[in-house]
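Heads up, the next two complexes both have chain A, just with different partners, chain B and then chain C.
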Partner chain A sequence: MTKPIYIHGSGSISIQPTHEPGYRFEAVKAYAQNPVPACDPDYKSLIPALQLRRMNKSMRMAIFASRLALQEAGKETVDAVITGTGLGCLSDSERFVETVLANEHELLNPTPFIQSTHNMAAAAIALSLGCKGYNMTYVNNASAFASALLDAGIYLAEHPDHTVLLGGVDELGARTPRFWELAGYLKHDNPVIPTPLAASSSPGEIAAEGASFFVASQQPTSQTLGKVIAGDTCYETADAVAFVNRFLRRYGLAAGDIDAVVLGYNGDIRYDAVYSTVGSTLFAALPHIGFKHIFGEYDTVAGAALHLALRLLGQQDIPQQLLLNGIRPRSLRRILIYTQRRGTNHGLILVEKEG
Partner chain B sequence: MSELTQELKAKIITQLNLEDLTVDDLDDNTPLFGDGLGLDSIDALELIVMLDKGYGIKLADPKEGRKVFETIQTMADFIEANRK
Partner chain C sequence: MTPPEPIAITGMGAISAIGEDVVSNFRSLEQSRHGIGRITRLDTFHHDRLMAGEIGLSDKALYERLAIADHEAYTRSTLLALVAAKEALDMAGFDRHDGYRTGLISATTVGGMDATERYYDDYLSSAEHRHFIPTHPCGYGAEQMARYFGVNDFVTTISTACSSAANAIMLGGRMIRAGLLDRAIVGGADCLSKFTINGFNSLMIYSATHCRPFDGSRDGLNLGEAAAYLVLETAGLAARRPQKPLAYLSGYGNANDAFHQTASSDNGEGAYLAMKSALQVAALHPADIDYINAHGTATPNNDLTEGHALLRIYGSKDALPAFSSTKAFTGHTLAAAGAIEAVFSILALQHQVVFPNLNFSQPIASLDILPQTQLKHQQIDHVLSNSFGFGGNCTALLFSKAHD
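Take a look at the complex of A and B:
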């Protein structure tokens, strides 16, 4: 990222009531199930009923979250829409494939077919805003959101006077979680939210869904929530500490230049050691903030982490439920987000308070 | 015929996800497209699939659809005249 991008509005739908105005992550919604569907806001309050009736959950969540971000930024429209999604519109993909099988390749309903593509959420947002500009969807699993963020940085470097709507969305679908179950991805032993992390001794993750969207540009305003100053992705690494170290060196930073680190612990004993190694080796003296133990796991949950980081920069406090190591920050100006999924798709986002 | 129009209304509400409507809200003679119910071209495709799946009627000529899908009543009349 050559120049910082300033975030002026942030909207999120998740398994926590993040869509509610003024939500501060102090009261965390508890669940004892796996997978966990997102909290549904009153979609009709922001999406016309005639448009809403044909939208699957991805599209509803994406459009609603993007409307929240636009409202907060005081914007009516944008110049470009850039999204990330790991698995796209799963429910319509499932319906389409099921109809193909049930009807022996005949009499296929058009709606699930049209809406089974990964870029449907970005397209629906652009249609609802009348935005005919750059429209891109990144679909590289758990790096999809970070890739969209990096592309937003490139786009804004080339179009410094433009505004971008950037986000990530993933839905659960009805049947796909059963495949995750067969693949051994899901947690069985005590599948609860908030997921206990310190005492975690079982494999598997708590699958969830959500959408987080941001209005970004290269110009700060009086309403700017924060700025993303750097980001990076890496599909695989044998040494996550070296990956994070290289990132810090590239931006001329030491661990002490950061006030808190957001780590993607999700309670899966097979992969959480990556975070404890990075946390204890590089950031032992810093507050460690968790997010997947309250949001669950999905490919674009890094978007929810960015939403959380921006809110924490605003409120200058870390709620007890999110603080993993008991270290309180001296101040909250610079937060590093580090996440990976099942040992791959490592991503870093560095966000800083503006002004 | 009244039974068929009621059945069609229920099917249209389900197939097209008209979540806010009930069978009682739909009049037999309300235009389905334009200023009436406000359906669009994707809905027209859904209705063609519904005719084929539900009543065994293939609508070969798209121009025919404009008349057939004018109202619930015109759909019911067409189904009565053509169903197998």
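Take a look at the complex of A and C:
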């Protein structure tokens, strides 16, 4: 990371009612299915009906979440839009593949092709805000949000007076989750949200979707929710503890300088052990907070973790359903997020309360 | 404004319809030998109707060349990417274990779509090809590349339609300048797929014959497949090895047209802003540019609006430097275009030559600008390369000559 970036607004759509004003993560929605689609807000409340009709799920989730972030930050527009998405506009991709396979000899409707492009959410945001500035889309699977965050840091270092909108979005398709099922990614046994973790976990993840967007700049304001001090990623590591340790050392931090860790447990017994190892080796005395057991798993769910961390810094309390080890925080000033997916794309985000 | 320290380009690799390495691409450009023809390798309804820039090597031949075992799942974009990136790394010749931070920044729009469209129904009924399921996401190829080359310091993938690789090159430059990386392998790859061929055909911007960039009668593009990668390094790091850099990445700019999902605004606002910002980063004036490798897809909309944007940068057509689109050679290679054209821009600097814009006969009436149609030897110190994509994504890169 370059310099800390201040977050002034945060908007999120997920399988929890995160889009509702004042949602405090106390009432957690339960599901018994896999995959789990996002809770739809009343999109019409923030997106004109005519535009909405033409938007796929990624575009509408991204625009809605970014509107919430802008509203909270009290901003009308921004100078740049930086997004991450693992799979882009998946439903339109599927729709176009199916059309091509069935009717290649006919003249096809180009709309799903156009809207299958991975940068369509970022483009739709730019179009709706009239933002002619820098516009970028990262698609590196479970590190896509981390790359967007990194780029936002670089962009703001290059343009210290600018404000950026950064975020991540992923939607569920229809056919693709069946492929994941065949590839062994998904949980069969008792697929529920909140997902049982640790001793009661089983193989497989619960696929979900969502969008989380943030308004960021290099200047704190009275609206500032918190600041992202640093982030790091690592595609593969044989030693996650060393990866986290290196990060802490680089920023001159000891485990005791952190108030709570947010860990990416998703209830997949095959890959969750790394969180208990990192948690017990480095942060045994700290509160452990879960997020994927209530949000499900998708590539840019790290954005939802950042949204959650910022809200916890604001409310200074960890709701019972999120606290994994029963340790209550002394205070909540500095939160470290650690996540990975299926053993790859490890990511860290360090968030701090401002002022 | 003082220009910041330039970023050295110490290696490049390319595979396209006009050559399987950089040297053969250069020979084809020099001899005006295009690579566009009827579609033969891809199983599509359009193989006799549409023309494309196909690479003659089968996936099997690519597996063999790269010594990848048959049972492993690599899709064509990634195979092409490995060929090009390997050439770039061999040319750069740095020690991968010297402790400097090396990143891999790749770009693609097709990703593993060629496998997905091939096995879309097959996956459900048979286990035979299911090991290809994980290859679908655009980010998967870069992860395979990272493993193949042993790069783990930083790995990411950009997908912004047809400006993707230009943006990957730009990010490499910015990360090096921000002190986050010492070196970056940057570029992109896209293979042909039924998905993209039918997509552009459905938009009615796929020419039934050879594409004609900047021509008054142009009627659409030809798609192509390609991969190209550059090795970027801090100038200081590059100076430690005996060979001098191939060229420098001196400027970059990205802007959004914020006008329409696919069409560019009439005055080419996004393109104009991207070029202006690249010039600003390089601290160069428009008059310093000796050659422009235009995006020039040969769609009615792109060439008209890009032309307007160029005229806005230069003020008048007489002030325009030599420019050409090389897409009539390779086809439009989508996410790879920015990288293959970066290689062509560097070749232009190395050989002091402007590559011809093929298939041009008459200018666009409202612009009246003339691309360079013959190979032309001239002094070239700075080359501007444009790449524009769906979603209004516009990127301009500036490459500058390595002086002795």
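Methods note: the second predicted complex is superposed on the first by the 350 of 355 C-alpha atoms of A that agree within 3 Å, B and C clash if a C-alpha of one lies under 4 Å from a C-alpha of the other, contacts with A are read in each partner's own complex, and residues count from 1 in each chain.
Convention: a residue touches a chain if its C-beta (ideal position, glycine included) is under 8 Å from a C-beta of that chain, and two chains touch if they have at least 3 such contacts.
No experiment lies behind these values; they were computed from the predicted model shown.
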| item | value |
| --- | --- |
| Three-chain arrangement built on chain A, chain B and chain C clash or fit | fit |
| Partner chain in contact with A:R53 - chain B first, chain C second, else both or neither | first |
| Contacts of A:I114 with chain B and chain C, given as first, second, both or neither | both |
| First (chain B), second (chain C), both or neither touched by A:R328 | neither |
| First, second, both or neither for A:L87, with chain B first and chain C second | second |
| Of chain B and chain C, the chain that contacts the larger number of chain A residues | C |
| Least C-alpha distance (whole Å) that remains between chain C and chain B when both complexes are overlaid | 8 |
| Those residues of chain A which chain B touches in one complex and chain C touches in the other | 107-110, 114 |
| Of chain B, residues touching chain A in the complex | 15-20, 38, 42, 45-46, 49, 52-53 |
| Residues of chain A that touch chain B when the two form their complex | 49-50, 52-54, 103, 107-111, 114 |
| Chain A to chain C touching residues, read off their complex | 2, 81, 86-88, 93, 96-101, 104-105, 107-110, 113-120, 122-124, 126-127, 129-141, 143-144, 147, 150-151, 154, 157-158, 175-176, 178-180, 182-183, 233-237, 299, 344 |
| Of all residues in chain C, those that touch chain A in their complex | 44-46, 109, 111, 113, 116-117, 120-121, 123-124, 130, 133-134, 136-140, 142-143, 146-147, 152, 154-161, 167, 171, 174-175, 178, 180, 194-195, 198-199, 201-203, 254-262, 269-270, 273, 389-393 |
